[in-house]
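What follows is a pair of complexes built around chain A, which joins chain B in one and chain C in the other.
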Partner chain A sequence: MSQRVRWSTALQNLKTMLIPGKYGLERWSYTLQRVSGVVVSLYFIAHVLETGSFVGGVTVWAIPDYDFAERAYREAVSFLKNPIFDAGLAVIGLLVVFHTINGVRLVLAHFGLVLGSPRRREILETPASFSNRQRALFWLSISLAIFAMLYTLDALMGVFRP
Partner chain B sequence: MEAVRFRVHRFRPEDGHRGSFREYQVPKKKGMTVLDGLIYIKENLDPTLSVRYSCRMAICGSCGMRVNGMEVLACNTQIVELEKKVITVEPMKNYPLIKDIVVDMSEFFVKQKNLKTWLIRKDVVEQENPTRQYAQTEEELEKILQFTYCIQCGLCYSACPVVSNLPQFLGPQALMKLYRYLADNRDEGEDRLAAVDKFEGVWRCHFAGSCSTVCPKGVDPALAIQLLRRAALK
Partner chain C sequence: MRERNVMLLHYATGLAILLFGGIHIWTLFFTYPFQGTIWETTMRFDSMPYAILPVYRNTLLALSLLGLLVSTTIHAFNGLRIILAELIGKRNIWIERGLFAIGAFLVIYGTRTILIAHMLV
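Let's turn to the complex of A and B:
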């Protein structure tokens, strides 16, 4: 396989993962679950690095001088206290809540608990795996995620306060 | 007569790249399917076009392809129902390309065969020369009936995003077919479950549901895989 074909295949695979196309709600769930998982994981790494730097980066493993640690903490807090990071945290709130609730839905679906039973089926009939119960859980995860984002926006930036 | 524009994927293996699209104007007739359009192109406009088809009535499963971004049987897709002026025809994904829109489905069939997706009885002599009928109740039949409608067209395998990212994944069709036999009360081949109780087996399915969306025969592989997963835990 030539290098060009290999890159083209990798790009095609990435598109398959990121673009749900016309496949329906469950495919959107798949894409959103993967994207939210990756973004939250990257945020978690960045968060650990950022909080680690409060007490002087790699010196986190030693007990730093109190004044130095306090100064570093205040600098970090003042650096992070701006609308861009606050909006970013609201998006993280959205993704974390969506990933959690949708994850519970997926676990239930994986064990066949919120799906229908195998039955005689006409071609245009909705598949039993696309049951109302599991789809309701998907919409619940979307609703709670939006609520979490709005709550975070209000808590950090006071967007809904007079 | 009104014409419809076909954008057809063309590929020759000797060219060494993924191919390109060529456009054809096809006169549109009432009741014309995408397969009819492709046959018109082959007979009247470009005899070098390769298309795989056989029964023309959604039974054989030969003419699976992607039309306007969705996996369909070309013989089962009416041009009028697409409601588009341009019809883009591509080969199925997740299969090696042979030529134009014809793919190599060998691996798809091998995966199914490796799972021994046929009825297994402990008494082989009785299975080959049955001395009585092995009747099923209505309830026993309901458990497997829809899964027996699979025509092995491979559309589910093409639509599956997991196969796309992990080619070793057994795929929706093979797993569904195995569930069909494990759920059959006449089957006694229980040891087959171990073959799918692994990373590339039932545990890799992410329930994206695309397999059940595209199935032209109304089979629900997503449901079968989740039930198979439950069986693997017991």
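Let's turn to the complex of A and C:
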């Protein structure tokens, strides 16, 4: 098997992956799961690098003295504490909670737990893999994600305080 | 490792993130005493009851952070590997090695951060 990557095919597949089209809610859940996963992965990388700068950055590999650490910490906080990053964290909260609940739904579906009992299907019926309980879990993930976003906004910026 | 077992590892690390990430978010967000935003309460560099450093000094919580770091790295980079394999239509050994290298660096760097914050006096 050759190791050459066909980038034109990859680009076409990316377009197919990102545009759910008319294929229904389960297809939307697939796209959203991938998009949220990639965005949260990028946030995770940035988060590990950023928390590293809280103790002095990539050059510090021994225990620094307390004053140095406190100075590095305050610099990192003053860099991070602005409305743009706070709003970004609220979006991350939204995506993480959606990805979590939808991921639990996918694990349950993988082991056949909330799919209902097998029966004969008619043509053009809704797919058996996306039963009513699966649908309920999908909408639960969406609503909990929106709640998480509002909670994050409140915790970081205090938007719902009197 | 067979793809089927990799998928089981993906689920196992996902559930581990649910546990460790729950602890992580709990220590950050839910302990703030409703006196102000977390910038004024949790994110302070001192030994306030709810500040961030005591979380790292506590050995169990530091270990849970380490577990979160490792399981999130495995989950995230395996997810990226799956998406890239879907996009290019087959597995590519160089993409997988590159992702492994970045993940290994992240684990080492994050472990360093946790250890320094744990042992800071």
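Quick notes on this structure:
In this section, the second predicted complex is superposed on the first by the 151 of 162 C-alpha atoms of A that agree within 3 Å, B and C clash if a C-alpha of one lies under 4 Å from a C-alpha of the other, contacts with A are read in each partner's own complex, and residues count from 1 in each chain.
FYI, a contact is a pair of C-beta atoms (placed from the backbone, for glycine too) under 8 Å apart; a residue touches a chain by one contact, two chains touch by 3 or more.
Just so you know, these numbers come straight off a predicted model, no measurement behind them.
In the superposition on chain A, A:F130 makes contact with chain B only, not with chain C. Applying the stated contact rule after C-alpha superposition, one finds that A:E122 touches chain B and leaves chain C untouched.
After overlaying the two complexes on the shared chain, residue contacts for A:Y30 are found with chain B alone; chain C is out of touch.
Of the two partner chains, chain B and chain C are each touched by A:H110. Contact with both chain B and chain C is seen for A:M17 once the two complexes are overlaid on the shared chain.
In the superposition on chain A, contact of A:R6 is made with chain C only, not with chain B.
In the superposition on chain A, the residues of chain A contacting both chain B and chain C are 5, 13, 17, 34, 110. Listed in rising order, the residues of chain C touching chain A in the complex are 7, 11, 14-15, 17-18, 21, 29, 32, 36-39, 43, 45, 69, 72-73, 76-77, 79-80, 83, 86-90, 92-95, 102, 106, 109-110, 112-113, 116-117, 119-121.
Touching chain C in their complex are the following residues of chain A: 1, 3, 5-6, 9-10, 13-14, 17, 34, 37-38, 40-41, 44-45, 48-49, 51-52, 54-56, 58, 60-61, 63-64, 66, 69-70, 73-74, 77, 81, 96, 100, 103-104, 107, 110, 151-152, 155-158. Of all the residues in chain A, the ones that touch chain B in their complex are 2, 4-5, 8, 12-13, 16-17, 21-27, 29-30, 33-34, 106, 109-112, 115-116, 118-125, 127-130.
For chain B in complex with chain A, the touching residues are 16-18, 69-70, 93, 142-147, 159, 161, 164-165, 183, 205-210, 212-214, 216-218, 220, 222-224, 226-227, 229-230, 233.
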